[in-house]
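A, B and C are the chain letters, set down in written order, and residue numbers restart from 1 in every chain.
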């Protein structure tokens, strides 16, 4: 067994979250930052997202995924205080921040960190989780797997495609397949509204006359060896297929774009408590989980619609992790116990699917990130009965961000809401 | 394809029964071949099997099923140890919820005693829940048989074939038998694409298609009853939901719908039992899932639809006689194994011994091979190694440090090893290594597995299939569809 | 098509603004003099987008080209600016025949002045040679 290595801040994952967290940790004074990345290169999923649309908020221009990644990668590589381990898979993480990882050259690596930033990203929901009835032929892929084949590996996984789910990756892949000369027959969405961003409906489907069937789902997959077609049916208000509405669509490929799930196997190993609504860790405004010194950011924390917000969140986590490492674990840990005791729980109420962070220190000026349950027009977002913001149009596909300002805290105090342990965030019609 | 060799025995069908027969034959000084229609062995009913090694109280005393099940069960420890196949004696429980069910359950207990099932006990509901806290409160009486176990059925078939091949047997895949003729030189087995194999004896272990094959040999074989079973796999997070395999009190058609801890650490629920008018419908259905869920939730209430990560279906070779049928033709030189349904997996090693006996009686000389090696080279399962062992295998082969499947922690080293042991397809790699069997169901690792298969087999990724010809994963090189279909140079 | 004769205006088109993730729903109307007016945009860019979408619709094209000896077989590329929408299919066919050789740096011009638009196609990432990649 090799000796244990030590680092101030260990960052698990070198995608957009890990990259921004590493730079922020350095800027906040961490001397020794380590990125553990399982791929042979930095950038994470951005490297296969070759389409544009990244960075509008942060860089005020429309970058492609790789271009966005390269706004960070050279700086990370040039920083002598950031140690990047590529081709390195973290096998275990303990709550006292010890990791085991494997690397083809270094073998088994033991790493102990003062602070850890979880930045492992997410994975795609699969067919099995949805239990689509039918045979199991080749030609059923998640949209992200197809994206990797088409954009990085150099192969087309199909020529005639149906896409189940209108998540953004599915919409983006509808356009990619069409541009590459394949035929996309339809995108099928079980909800009465699309899951992806409106702009992607416009520029990925409408631009290419690809039909979008709402309130519909794939009720059977046909074909013995390779997909030969799917049956699409309309669904009722309870998402149950309506008999008599079946239509058969011939295709050789079914892509699934039915959602993303934060990848928290390592977090769970370190006993980091998770939020059932987000699928990611419960965090405070520093993005610190309920395990002292373990922070989380990016899609491992909750699924983002925009990478710009991932970078923003990662910077909060990276900076806080650096501070934690400097304060020395023991002292910070004690602080955390006290802090946690004084923190308020922020919970999703009417119309709100989730809100993050789930815990905040009273008086903190923080951005709340949330998603709504269903599309709504003209709503008021309120916390503990205090109105925070009005929105003209909200959709579940879009992550909303609202700033909790000093005047809101004043109102909350006046209303006596801060005495409680919990503040409920609601999205109500005006 | 085809072979010039004249085989002593040709086994048709590479399920767990066929491979067990082949491996048993490979102990002797004779030349044996196995013909399998799929791209790899173990892909028929075996792959879709629940993996239960039954204790033996389910079957009528004196029946082939009862005798060979109890005998086969006893052989499992040694077999799986020799072949390095995961096998756990987790025990089985049959549970009763009503006075009527209790009465039937007590009958099964008596039957088990008669069949020679060891160490059975009857427990009241509370005693059973002390062993299995997630059992339903409604359960009042439990028959527990600790000799019941679970095995990875596909791995077992693959291991049997691999060990047989290591001992000199020949395994041919993608050979679908179209005709069997018999002349002075013995049998000539002709495949669909025209290959021929010659042999003195034939063992028909074609599972669901064994009746068709028996008829090719001129036998007036009874028609098998295709009976579909759907199974659903739950997230590994629920791995400790139950330790025992939980059976309801059975119906006349099947052992009922069960809650099964698999050898790999998942929980599986199923199977359904739906008689089919044909043999090729391995589709799962919404109705099947609903039936399984509502039934198993009655046994273990914590089971939820949300936890399902995968589903599959298989078709059992239902026996019209309610028992295994052993027929012969050509003065005993062809042995036909018909209706090998549950407990066929458990019985397989004992069936192989029984077939051996039948061949011996028909005149096959059996002389033991002095150099027979019963052991298969150990399979490295990286995830299960200690840190020190991990360090050592990586030092030996750095491919073990490349984790390809994140969900199950399967390394490139294990995938390459599986390919060298006979995996040819993405499903073959998946079932041998578990790469792609976890939560993401291959979302991340499929592109890597395709690339590794292509590299190891020396073919283009375009030729890599999910499970044999016609199931290629990729349809074209990038940009091909933009070049008007002309092929890349 | 005509919806409001009394105000002498025609609804020309409804569209989703694709300039940013907000995706405003825009309505474009044309008065008797042929002038366009745009409603529904939450910012100036939406009006510009709608006008362009009527007069000269354009899209940024992002795709890949073959790369020899790279750490991957494909290199992601983009047009530096939006190109006329009707040229996308032709541009794809032209780029399908392009092959470059590693190494390549982000921003390197892969194909200048595609289809005489005056717009270049550039690499959107660095790509090392295969042997230098690990």
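FYI, a contact is a pair of C-beta atoms (placed from the backbone, for glycine too) under 8 Å apart; a residue touches a chain by one contact, two chains touch by 3 or more.
Computed from a predicted model, the values in this text were never measured in an experiment.
Viewed as a network of touching protein chains, the structure reduces to a complete graph with every chain in contact with every other. A comparison of the A-B and A-C interfaces places the larger number of contacting C-beta pairs at A-B.
Innermost chain of the displayed assembly, by C-alpha centre distance to the whole-protein C-alpha centre, is A. Here the spacing of chain B and chain C, counted between their Cα centres, is 53 Å.
In terms of their C-alpha centroids, the spacing between chain A and chain B amounts to 38 Å. Rounded to a whole number, the gap between the C-alpha centres of chain A and chain C is 26 angstrom. The set of chain A residues touching two or more other chains comprises 87, 152-154, 180-181. For chain B, residues that reach two or more other chains under the stated contact definition are 478-479, 482. Annotation for chain C: residues touching 2 or more other chains are 64, 66, 73-74, 92. Those residues of chain C whose C-beta lies close enough to touch chain A in the complex are 15-23, 25, 42, 59-64, 66, 71-74, 76, 78, 85, 88-89, 92, 106, 124-126, 133-134. Contact residues on chain A toward chain C in their complex (touch as defined above): 40-41, 43, 47, 50-53, 56, 62-67, 69-70, 86-87, 151-154, 179-181, 197-199, 201-203, 206-207, 305-306, 392-393, 398.
Every residue of chain C that touches chain B in the complex is listed here, in rising order: 64, 66, 73-74, 92-93, 96-97. Those residues of chain A lying in contact with chain B across their complex are 1-2, 38, 87, 89, 91, 100, 102-105, 107-108, 123-124, 126-129, 131, 133-139, 141-142, 144-145, 148-150, 152-159, 180-182, 219-220, 224-226, 241, 252-253, 261, 263, 265.
The touching residues of chain B, counted against chain A in their complex, run 232-233, 280, 282-286, 288-289, 305, 308-312, 387-388, 390-391, 394-395, 398-403, 406-407, 409, 439-444, 446-447, 451, 461-462, 465-482.
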